[in-house]
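You will see two complexes here that share subunit A, one where it goes with subunit B and one where it goes with subunit C.
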Partner chain A sequence: MMTDLPLIAPLLVVAGGSLLVLLIDVFLRGRWPNVSASIGVLLLALVSAVVVAPEYLSHGTAFSGALFVDPYTSFISALVISGSILCLLMGKEYLEGEGISEAKGEYISLYLMATAGALVFVAAADLITLFLGLELMSMALYALCGAALYRSASAEAAMKYFFLGSFSSAFLLLGIAFLYGATGTLSLLELASALPESPTGLVGIGIALFLVGILFKMGAAPLHFWAPDVYQGSPTSVTLYMASVIKVAAVAVGLRVFSLTFGGAEYYELWSRGIWIAAVLTIVIGNLVAIRQRSVKRMLAYSSVAHAGYMLMGFLAPGEFGGGPAVLFYLVAYAVMTLGAFGVVMAVSARYQDSPDSDDIVRFNLLSRKRPFLAALMSLFLLSLAGLPPGMAGLLGKFYVFNAAIRAEYVGLALIGVLGSAISCYYYLRVIVAMYFVPSPSQAGGATSSYEDDCGEAIVAMPLAGTLAVCGVLTVLLGLQPSALFEAVETLFPPNLY
Partner chain B sequence: MDEQLLFGTFPLLTTLIFLPLLGAVTLLFLPGERSSEQGEGEGALGLPVVVALFFSALTFLVSLVLVSRFDPENTSYQFQEQISWIPSLGVSYILGVDGISILLVLLTTFLMPIIFLASKSVREGRRGYLFHMLALETAMLGTLLSLDLFLFYVFWELMLAPMYFIIGIWGGKRRIYATLKFVLYTVVGSLLMLVALFSLVWSYAEQSGEVTFALNEIVGNVQLSVEEQLWLFAAFALAFGIKVPIFPFHTWLPDAHVEAPTGGSVVLAGVLLKMGLYGFIRIAYPLFPEGASFFGPYLAGLAVIGIVYGALVAWAQHDIKKLVAYSSVSHLGYCVLGFVAMNTLAATGSIYQMLNHGISTGALFLLVGVLYDRKHTREISAYGGLAGKVPLFAFLFLVFTLSSIALPLTNGFVGEFLILAGSYQQFPTLTLVAVSGVILGAVYMLTLYMKTMFGEFHEERNGDLTDVNSRELMTLAPLFVLVFVMGVYPAPFLGMIEPTVAQYVKDHHERTMTSQNRSNPRALPSGGIDFARSPETPEVESETAKASSGVPSVLVSTAQETLVQQVSS
Partner chain C sequence: MNYDYSAYYVLLSLVLFTIGTVGFIVRKNAIVAFMCLELMLNAANIAFVALSRRVGNLDGEIAVFFVMAVAAAEAAVGLAIVIALFRNLETTESSDAMELRL
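Then we have the complex of A and B:
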């Protein structure tokens, strides 16, 4: 047992860091545990993830089958940790304006706690560990959503997320109970072999309830209702964490469970129909409702719902169809572009933090004139989200996912996905319209001078600018050299296991 | 494939494609924009324009080198380059040029410097404008030269964003509406094309066991059932048809044209519209011969509707630019009709007419831009009697008007004549209707000329109008020369197109024959081509195709001189 400890070094570092920050904060209220300290902690964790990676080349488990030790876990953990680092860097300045600075210690501690939960969640090899990880992650997140102490929307977001999240966790737990009752095992690996001999009815209910829990965390329809409100109400630094890191964790776990544990032919028929419906609903609802949003943050929230739908398409094409690697590629691309887009929204809304509509689309007017580079980066992210070149990451992501779906003969679903992404052009481009096409008052002649002050400004601190640039470069590079990443993620799915 | 062609010498085509992009990136590193723009002397172009001109001129030179080393008699792809890009999915970076694309490439590189010379009228943020134009040039050249389906798709989509910004930032009052329409139309089409692309690739992979997007490998080798072909062709046809635009999908075009800045209109009419038909030629027809022969007559029908309808609507316009835009719908109808007729004569004419349209309509848009720069209106009724006031303008306008209505000795005549002569063999009734478009074309263009150039001159309104200045003359002169060169001596141009097209048409009929033999002949309506008269063997078939088409076989089979004599007599 003790010999397994080095294998979870990243988790230990992050969880330990979280407690340490909390402890130190008691004594040195608001002085030492600043953001950069926690970034250091996370960096350390990333290093340790790299260090243990060779161990993860084997396909085994640790702690008596509680945690997976395999390349998949290693890759997702690295993704989660690097995502967390980027999120923290981006949000560094933003925290000050949200009234979070007074509770910084708790904020950072919770942040690390959520990351630790995500690390357990993605590594879990049995259903109880999986649930523990999920709850650790979620509890910390509920609190984080309410971190903007002086904004009622933030508190509202926290409450909503908490109640709905608890319901979904209960469903998940019930699903686990059914699966356990039907098979007598909790291990994801043993379940795979036990399922075919188990009573179909019980297993079916178990899988369905499990699916509900996962869809909720992914923010997929019809369980997406929390996402827009929570994304909008939370401090943007938490929103981008939810939209990237948490989504990565949820999708990665869902993918693993559905392709590994439930991947057998007996139940594929059953859950594939459920996921098919969920994917269609997610794509249609996410894209259609996003059209009507005035708040860019909310629009991006719906867009992230829609993207969950594209990823679900890949769930349906397991094994040789290449859906697994396609989803992971999409996940990386999605995380990069969403981080970038939310980062820009954060920069703009930070400037107008006092007003209730700080992320309204009107705030983006004239951005191209006042902040040309920020506007150019935002355009790149938006085009990428829409799947249009030069946003190559998004295009290649769709390319892989649609490709897998069509290969698995889900042509109808692919067509729906395609139409959804055509619709998505409308609302992504609306932001570009605001940034570039809306005339300045001097051009239009009529508007007042205060209009010019009310839009197009942004606060871009050094770490944010740096991370945005990284996201921008990745957005283009991922598309120009997709093979490197794709071949890497392909090796995570050994044919005999998945 | 010839090894030497594959891995030979200098990557000419890559240079051609990415040179403009290099220019675009260079623009970003130029010193501050303000200083160069404030010295607004009429003569000074400003550093960004000079840089853009330099790179586009260099690209033009490279394309001239390409043309000089191009072997017209070789009907396969030349200057091929091939690098693996996404090996796991069989996507490669494959480029190549043939007689169909080479002159379109030349047209693109030729128009760009002209557009940059004309970019003086873009007042604000000129550097961004030039940046997007250069990026657009890269995308257009990439589309024309790529021989890998996915690469083609990427470049195809890449054309969208720069044009979107060009219309959206530097466009007219309703530009936001126009850009939205432009993007949504195009994206719906192209995304459906993406799905069709995958279906195609995976059906081919099932047969051959090899996943590839290489056009050359799939064309002729892929075996699809008739039903599959119909669906896939329909998906591709929708994407390409929107871009052309073919009749019911044309409504984005007038809006885009009217709102676009002058340079945007020129490149839209000059090159972008050709991409739709080019897609039909390069991808849809070779891949899905059955689908093509089923949908061909419908396409021809829509093309003719476009010809007549476009002309009628153009006649009714009050806005000069909108009139020219609708005339594009009409002219592109001829190109589609000519290609769909699928014989050497008409298809050659179709490609030739694409060049002509780029030149004459491009020039007309430039002329409209000249007027608009001065008077800030494009209402026909705002002008009148200009011939006396601005004689040089009136003269140039006359020449390009005549070229547009295909008067003999101008380039338009050669193209339209070839198309109508050729397509008459295939679709006699439709062609007769299409001919009425020629007459209507004369009606609306000459009406426009009459209303603006002749009649009463409004001294108070247009008294301050100045004639074409030297910079504007420089943009129009090359087009002016080409109108007559291509009208009087089309041989060198046709000579580059014709051999490839002849081979293309032959290949197409062979493919249709073989797939016809493979599948149940009754499964398909007879399409446009009369198979009953064609013998089974391909060699004989192509001979009879010529004979039965009623054209003297000498005309089709021998060198282009004969063709030209026939045409100009």
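Then we have the complex of A and C:
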């Protein structure tokens, strides 16, 4: 037992850091620890994750079968921690503007606690650990959504996320209870062998309820309705985190549970139909509703719903069809692009924090004239999300996923996916058109010149500029050298285990 | 003598869970919705205990302790969020919080 402790060093560092921050904050109210200190904690966690990575080559479990010790866990943990660092760095200078000035210590502590929860969630090897990780992550996030204490939109987002999130967690829990009742075990590994030959009613309901919980956390239709409201109402520094890190964790866990535990042919028949319907609904609804959004944050929220649909397509092609590595590649590319896009939105809307439509598409007009680099980066991210060149990362991600779906004989689904991404070009390009081509009203006739002064301005702080550059470079690199990452994630799926 | 009654308790848990679900959907008051959530979690707890008896090991009963701790944490976070909402909007009716629409 004690010998397993070094294995969870990253988790211990993050969770311990969170508690320490909370403790120190009581004595040095507001002065220290600041955001930089918690970035230090996360960096330390990343270093320890890399240091213990060789131990994770073994494909075993730790703590009497509570946590997985395998390359998959190691990779996703490193991804979660580095994503958290980027998100925190991006939002560093904007907390004041987002309304998080009085409770900075709590904000940082909750942020680290959510990351710790995500680390438990992705490593969980039994269903109760999985539930606890999920709740730890979600509970901290509910509070983070409401971190802008005196803005009613933030409180409303927190309430909606809390109620709907807990509602879906209750379904997940009942599903776990049923799976336990049918098999007598809670371990994800033992469950695979203890499942009855052909699905019984109890197991069927259990898997269905479990699926509901995972789809909700992924933000997939028909359980996506919280995502737009919560993404829009939360402080943008939290939205970044939800759209990238939390999505990565939920998709990674869903992929593992459905390909490892419920991977048998009989059970694949059972859940593949549910996921097929969810994938179609997610792609169609996400893309169609995104078209009519004026708020760019809300548009990106619907786009992240649509991307969850593409990832679900990969779920349907487990094992030799190559869906697993395709989903992971897509996940990394998606996280980088979304982080970048939300980062630019944060910079643009920072000037209008007091108005309710601070991220309206009108705010992007003429951005290219005043902030050419920012506009170019935003175009790169949006083109990549749309899957158009030169944003090759998104295009290749879609190619891998669609390819896996076609190999698993889901040609119709792949067609819907292609049509969905064709629709998505419209709303991504609309922002690019606004940034480059929409004339100011004074040229169109009539309006005052103060409008033009007011347009296209953005506040870009140093940390944000740096992280945006990192995201930009990563997007380009993933497009130019996809095989480097793809071959790396392929090794995470040994043929005999998944 | 050793007749297994667990099926009735599973049924009970399903009934409670359904009441919680319906209540959550129908009622608009945040506090009542909150009570319905607790009811759903506790229904799952009953299912855990009953099924633990049925499969003959203690894993399910141990799980209940964790779920109770989660439910307590949820109460703390949830009530804090309801208070934050009340400070901003002076209401606990979830239907009054409709700022975030298209």
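By our rule, the second predicted complex is superposed on the first by the 485 of 498 C-alpha atoms of A that agree within 3 Å, B and C clash if a C-alpha of one lies under 4 Å from a C-alpha of the other, contacts with A are read in each partner's own complex, and residues count from 1 in each chain.
The rule is short, and it goes like this: a contact is a pair of C-beta atoms (placed from the backbone, for glycine too) under 8 Å apart; a residue touches a chain by one contact, two chains touch by 3 or more.
Keep in mind that this is a model prediction, so the values were computed, not measured.
Contacts of A:Glu490 after superposition: subunit B is touched, whereas subunit C is not reached. Applying the stated contact rule after C-alpha superposition, one finds that A:Ala155 touches subunit C and leaves subunit B untouched. Once chain A of one complex is fitted onto chain A of the other, the partner contacts of A:Gln293 are limited to subunit C, with no touch recorded for subunit B. Of the two partner chains placed by superposition, only subunit C is touched by A:Glu135; subunit B is not. In the superposed pair of complexes, A:Ala422 makes contact with subunit B only, with no contact to subunit C.
By the touch criterion defined above, A:Ala177 reaches subunit C but does not reach subunit B. Using the contact criterion defined above for the overlaid structures, shared-chain residue A:Phe437 touches subunit B, although it does not reach subunit C.
Ranked by how many residues of subunit A each touches, subunit B and subunit C are led by C. Against subunit A, in their complex, subunit B makes its touches with residues 85-89, 139, 150, 154-155, 157-158, 160-161, 164-165, 168-169, 175-176, 179-180, 183-184, 187-188, 191-192, 194-195, 198-199, 202. Residue ranges on subunit A touching subunit C, taken from their complex, read 128, 131-132, 135, 139, 142-143, 146, 149-153, 155-160, 162-163, 166-167, 170, 173-174, 176-178, 180-181, 183-186, 228-229, 232-233, 292-293, 356. Those residues of subunit C that touch subunit A in the complex are listed here as 10, 13, 17, 20, 24, 30, 33-34, 37, 40-41, 43-44, 47-48, 50-52, 54-57, 59-60, 62-63, 66-67, 70, 73-74, 77-78, 80-82, 84-85, 87-89, 94, 97, 99-100, 102.
Against subunit B, in their complex, subunit A makes its touches with residues 383, 387-390, 392, 395, 398-400, 402-403, 406-407, 411, 414-415, 418-419, 421-422, 425-426, 429, 432-433, 436-437, 482-483, 486-487, 490.
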